[in-house]
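Here come two complexes built around chain A, the first alongside chain B, the second alongside chain C.
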Partner chain A sequence: MRRGVAVKRIGKQSVKFTSPPVITNTFSIVGPMEGQGPLGQRFDTVLEDTFYGEQTWEKTECKLLREAIFNVLNRAQLQPTDLDFILAGDLLDQIVSSNFALREVEAPFLGLYGACSTLAEGLATGAMLVDGGFADRVLVVTGSHHDTAERQYRFPTELGVQRPPTAQWTVTGAGSCLLQSQGKGPRVTCATLGRVIDLGSKDPNDMGTAMAPAAADTIRQHLRDFAKRPEDYDLIMTGDLGAVGVELVRVILRKDGIELGQQFQDGGLLIFDREQQDVHAGGSGCGCSAVVFAGHLFKLFAEGKLRRLLLAGTGALLSPLTYQQAESIPSVCHAVAIEVY
Partner chain B sequence: MAQTKEQQKRAQEEYQRLARRHRPRPPLLRNALLAFLVGGAISAAGQGVLNFFVAQGLPPDKAGGPTAGVMVFLGAFLTALGVYDKIGQVGGAGSAIPITGFANSIVAAAIEFKTEGFVMGMAARMYQIAGPVITYGVTSAIVVGLLRFLIAGG
Partner chain C sequence: MRRGVAVKRIGKQSVKFTSPPVITNTFSIVGPMEGQGPLGQRFDTVLEDTFYGEQTWEKTECKLLREAIFNVLNRAQLQPTDLDFILAGDLLDQIVSSNFALREVEAPFLGLYGACSTLAEGLATGAMLVDGGFADRVLVVTGSHHDTAERQYRFPTELGVQRPPTAQWTVTGAGSCLLQSQGKGPRVTCATLGRVIDLGSKDPNDMGTAMAPAAADTIRQHLRDFAKRPEDYDLIMTGDLGAVGVELVRVILRKDGIELGQQFQDGGLLIFDREQQDVHAGGSGCGCSAVVFAGHLFKLFAEGKLRRLLLAGTGALLSPLTYQQAESIPSVCHAVAIEVY
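What follows is the complex of A and B.
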């Protein structure tokens, strides 16, 4: 059916890599609250305060990205000039944190916007660049800051508003991954790129409900395109649906005869202790899946506790303007399979 | 597999029904009770301040102004200390509706947008939250005043 040269294009929405790129190094940096969470010990750097020596939170967010970039390069003993591409994105308008962080990095840069799905989008794009023969080394970095996101999307941070139980807490943190054509580490074997799905959710305080259909659609399509079952993965991690979205994904997929068992988890639920930390439905933000992957999951691979991971990044593609104009919230989910063999 | 508008609408309605069933409900009774307690505590504090002014010799009808001043100061002060947003998460409307909540909405925005400068940042955006309250408060006061004048006469 398919004509042309796209021999690595599989099924309806997927790609399969012939020389799967390796994730050789990662780095994670988080804010104090994330450091107090259940994964606190897993992160490379935990900040003492949310300013990190900067005058504005926007500058802090930028610094987080810069730290994530330079530290992962240090780990791999590389210079920015050794990179063929750097892929970065964040939540702020015009992805300024990434653009500004990259002022100091001498490497060709492609900006990404996928909201909380940015890490998965970056890993999929980066892996295509490497496996396509366009790059040997690609750095993927993304992050978010609780207070910059609050300011942009919601209210001033000191305003005394009551958050509903469906609301999610934007993670302060950044994570970076170095993708290389050769080296040691887990490999990105295939990916399924999501389509934009909007089932009419309008509440920006309930993004789990908005994103769940996109997550279910991409996971379902991934399993179909590769004729796989959920059990073929040790862990299917969405990032970040929170408690509400996770439940809905299970319900939607159950209707299609796909039962997600214990191996289905969510980055937004892993990063915080919802009993102890007042984060409502769980964590969110580009930084959430980035630090959970870079800080926690990548180490699980190294420790031999994880062999096959499907990382399904979910993004709610709203802006404060579209919300005020009473538009519904479109969402997208990109899934990348990361495996050791 | 292009969906018609009709099918899309039906899928959306079906999903929203499903989502409603799985959405955690806010603990209404607990929230209402806490709003009552927090709002009540703020009001009691206000009454205490009023009583103080009266005890100092101000006539009761003149003591309201300085009392509001003190409460606005307290709301602003607690906002600056980073405490009022925490009270708000517990108290909900109980801490948003009293005049301390009004002070909070202005001071929170003023602090927040200071980083964009004193003119276009702090001064311009200070009323981002309080603006609608002021606009519609003044408008409805004029309308009600006018109605009273028309019905009951000057």
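What follows is the complex of A and C.
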């Protein structure tokens, strides 16, 4: 089917790496509520309050990204100038948390926007830059803050507006991953990049419903492009569909004859205890899949408990302006396979 | 200096393509005021009004991007499904113009944010994907709309707020470029990716001053990394510094012994007639460098009047929220060399 010279291109939407880049180090930092959740012990830093010594939550969010950057560099005993690229993005308008965090980082910067799919978008793009021969070291970082996201997308948290049961809780946290051409760690072996999918869902308090068709589309395409079955992965983790979206993905894929079993999980459901923590449909935000991967899953690889992961980042590509103009919610999902072998 | 296997990496911030991707087709669409400017005859479509049949300017902006996408595909006699990737971004919060335009495009989508540097960021990234073996066809598209940008970043245009002389005029327009592994046209030969630079400039009505240090930094680094002189290019075009920023770049680089002569121009100064069109310091916006390149410069290549171009996209990475929180304006500049040989 392929026309030209794109030898690392597989199927309709996928790429395969000939020298799969290694995720050598990660770092995770989360807010107090995430620290009290089921994965609390897995994160590197847990904040005592949501301000972290800053005067605004936006500045806190920026500081979270900065901490994630400098701590992962410290772990790898590297300086910012050792990086070939830094790929970053966040939920704030004009991705300002990333832009401002990077003022202190002397490395070439590519700004990304993929809403909650940003980590997966960054890992896929970063892996292409490394495997394409353009970089040896790429840092991917993203994060979010509950209070900045709520006041930007919906209502200031100080208002105490009631949240419907389908709403998700934006995670406060940031996660970073260091991708290298050489080293020890799980490898990014292949990726499937998503199309924008919009089935007309319009409720900004129900992101799961909006994102589920995109997640199903990319997972289906990934399995087709590589002739794989869900069982070929130990874990297929979406990030972050919440309780509503997860069930929809199961239903959609079942119709295509794809049965997702126990190995299908969602970052938004792993990070909080929905019984105890009043988060409604689960966690969300760029920071959610970033810290669940950087804090929890990366350690599972090191502990030998995980060998084959499909990380399927899902992003709802709306803005407050678009839903005020009565538009629906387009979504995207990028899937990255991370494996040890 | 290079440590590992990144063979296409040059110097500190640059990459070089071994099979330079070809820009085979472009398309440009602009608003009425841009159509009346000095480059008016060079654009493919000029709108009769700023709404283009839509009810809001945001929907118009989205339609501009869509037109740029489908018209460049028509020119190349391709379908969206023939694309390996589409790289897009814009100035609106959460890059919604791109997200919504792509609902009708069945191709893997990577969302970018680099403010007015988005075209250059997209061309550099797209060229890495093609030369890295991950794609044969990548579409890069970006755009902006004067009235959406003004009401988002500063004031609704209906208010008629007075603009200071340092202010730039956001261009209404969108430009698309089709990058292919094979074909006829100028080639993307190398690129230098910028770091975030912030010297403390705080005036959102003076983007030129904020962006000039980033432009100077990347141009200087590009010349160093490739041991080139400015005269090695027929044209070094920044996009978009305006009258204030252009002079600052000359001054900064002169101190480093780099004299930019007549070959240094700026997209923001080319697109409008500052005497006749009341745009103050010149044009700006993602759409500016996009349409100046896609409409004007690409034709200069075809006409044999341009052989070696350095396109240096400059982005001011602020948001209304950051300047309301008394923050300065970080900036970035990505430079892409486009040549025929």
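FYI, the second predicted complex is superposed on the first by the 340 of 341 C-alpha atoms of A that agree within 3 Å, B and C clash if a C-alpha of one lies under 4 Å from a C-alpha of the other, contacts with A are read in each partner's own complex, and residues count from 1 in each chain.
One rule holds in what follows: a contact is a pair of C-beta atoms (placed from the backbone, for glycine too) under 8 Å apart; a residue touches a chain by one contact, two chains touch by 3 or more.
Only a predicted model underlies this, so the values are computations on that prediction, with no experimental measurement involved.
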Handout entry: First (chain B), second (chain C), both or neither touched by A:Gly304
Key = neither
Exercise for the section: State whether A:Pro165 touches chain B only (first), chain C only (second), both chains, or neither. Expected result: first
Exercise for the section: Mind working out whether A:Gly257 is in touch with chain B, chain C, both or neither, as first, second, both or neither? Expected result: neither
Practice task
May I ask you to decide whether A:Glu327 touches chain B, chain C, both, or neither, giving the answer as first, second, both or neither?
Solution key: second
Problem - Partner chain(s) touched by A:Thr56 [first = chain B, second = chain C, both, neither] - result: both
Exercise for the section: Answer with first, second, both or neither: which of chain B and chain C does A:Ala243 touch in the superposed model? Expected result: first
Practice task
Kindly list the residues of chain A that each of chain B and chain C touches, one partner per complex.
Solution key: 56, 58, 198
Problem - Interfacial residue positions of chain B with respect to chain A in the complex - result: 11-13, 15-16, 18-19, 22-27, 31, 79-80, 82, 84-93, 95-96, 101, 104-105, 107-109, 111-113, 115, 128-129
Practice task
Using the touch rule from the top, collect the residues of chain C that touch chain A in their complex.
Solution key: 2-9, 12-13, 15, 19, 56, 58-59, 81, 84-85, 89, 91-96, 99-100, 102-103, 105-115, 121, 125, 128-136, 180-182, 192-198, 317-322, 325, 327, 330, 332
Exercise for the section: Spell out the part of chain A that touches chain B in their complex, as residue ranges. Expected result: 55-56, 58, 151, 155-166, 198-201, 206, 209, 212-213, 243-244, 247-248, 251-252, 278, 281, 328
